[in-house]
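Structure first, then comments.
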Amino acid sequence: MKRIKEMLDAHPGEIKVDIDILANCIQECFDTAQICDICADACMGESDAQSLIQCIRLNLICGDICEVTGRMLSRQGGRDLILKRNQIETCIMASQACGNECRRHATHYEHCRLCAEACRRCEEACSALLRAVPVSV
Amino acid sequence: MKRIKEMLDAHPGEIKVDIDILANCIQECFDTAQICDICADACMGESDAQSLIQCIRLNLICGDICEVTGRMLSRQGGRDLILKRNQIETCIMASQACGNECRRHATHYEHCRLCAEACRRCEEACSALLRAVPVSV
Amino acid sequence: MKRIKEMLDAHPGEIKVDIDILANCIQECFDTAQICDICADACMGESDAQSLIQCIRLNLICGDICEVTGRMLSRQGGRDLILKRNQIETCIMASQACGNECRRHATHYEHCRLCAEACRRCEEACSALLRAVPVSV
Amino acid sequence: MKRIKEMLDAHPGEIKVDIDILANCIQECFDTAQICDICADACMGESDAQSLIQCIRLNLICGDICEVTGRMLSRQGGRDLILKRNQIETCIMASQACGNECRRHATHYEHCRLCAEACRRCEEACSALLRAVPVSV
């Protein structure tokens, strides 16, 4: 999170939310994107990959959505706040769906356990950001 | 759209919406993603790029969101329908925001005019898909 | 390809290669990216998905590489020609690897047959672009 | 890097290179992708954004290439080693091109200074990985 916060501190735009909450959310989005991607590939390498197909699909969907949410939050521009709220909400839903599925496999597969944890952190960081941004625009 | 429809026809999953509406929406999402990306780069090449910064930012945001929406819609998996609805709604918002901004520059820049048109088509295709999918899940 | 060519025509930058060859390559990169992504998901939906894991992995790798190559080629900027050549070469390798794997399943799965065709078109379009760009920079 | 290394440790595939070098490279690719993206947006927010257009373009190209390289390296599959080498080389070129441009603005803009540093770290991590992987396949 340190590097992202340094970049946001150096950004000339006015950032209207608590910068620690924003930096943490961006970081968790990107971390979860990467972890989901590796979890998908790890699931494919298991001898019973067939039974992990739903997990792989949710990993891929969640990874894509976390990544685009992280990118969007990295970009300033105050006029598009409703759009951003909606994208963050989608990211929460994706993290919940993927986290729930990974949790089912967590006792068998360490990568699923780690991924479920990442999804929970991402969900919490997105929820904290939603609470921190102004409701009306 | 022909190629995407062929792929969806060859997909073993049960597709619960009108396949033409789905294929058209995926295609418009990806087309708009590409056009937004080129519009951003074209804006940067204009001698008054400084006055087009808001347009460039919205191009990049809209391009990213259209692309991830197209990818998500390309993937089957019936349990995540609310998530998909939410992502489609975000894509409509992004297309509106980017289209409105591009339209302001449409008389000066052909790339903005073409991009505004693409955003309108994407918005319509996403709205048509939202109407076609079942409301409850 | 028509829409991408229109956008390139409207771009203020000087495009140093044949614009039809460039537009065709960008289009094939993006089309193949989408088709690879759908093929990956379709493979996951087959009852013997386990035997298609290598195909799914190559679909995902090829899809990512085709997409980033299409994006990079959509962006002008003359100084980075060696970098672009190298990325196009990687895209050719990815299309060959994915196409070869898909071809093995083409008689069983129509989505693999269509994907193998897309990979071949992408490989040809990238090769044509490599021949069209100046060798030295 | 800790989280990525944990995921690679939990991956069932045989990883043929030093896992610390691989995890470090993946992490630097993703970190640099994020920092490039924020640098592009920060440059757009500067009052002389017009003079930073080349920097913005290279930020976007480098960000895309770092991200796809990180994703590709997160995925196992031994048969595609030449392809991976080539993508890593492209990532080195992109990091050099972007880092050199950012360095020119480093005394004026802290975000460019931080981005130039990230690009250098990414270049070094990619070079270290290239040295660690077997030359022939």
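Going by the order they are written in, the chains are A, B, C and D; count residues from 1 in each one.
In this text, a residue touches a chain if its C-beta (ideal position, glycine included) is under 8 Å from a C-beta of that chain, and two chains touch if they have at least 3 such contacts.
Keep in mind that what you see is a predicted model, and the values were worked out from it rather than measured.
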{"item": "Candidate from A-C, A-B or B-C with the same interface as B-D, over half of contact pairs in common", "value": "A-C"}
{"item": "Of A-D and C-D, whichever chain pair has more C-beta contact pairs", "value": "A-D"}
{"item": "Rounded Å distance between chain C and chain D, as computed from the means of their C-alpha atoms", "value": "21"}
{"item": "Interface hub residues of chain B, defined as touching at least two other chains", "value": "41, 45, 57, 60, 67, 71, 75-76"}
{"item": "In the complex, chain C residues that touch chain A", "value": "41, 44-45, 49-50, 53, 56-57, 60"}
{"item": "Parts of chain B lying in touch with chain A, wherever the complex brings them together", "value": "54, 57-58, 60-61, 64-65, 67-68, 71-72, 75-77, 79-80, 82-83, 86-87, 89-90, 93-94, 97"}
{"item": "Chain C-touching residues of chain B, taken from the complex the two chains share", "value": "3-4, 6-13, 26, 30-31, 34-35, 37-39, 41-42, 45-47, 67, 70-71, 74-76, 109-111, 114-115, 118"}
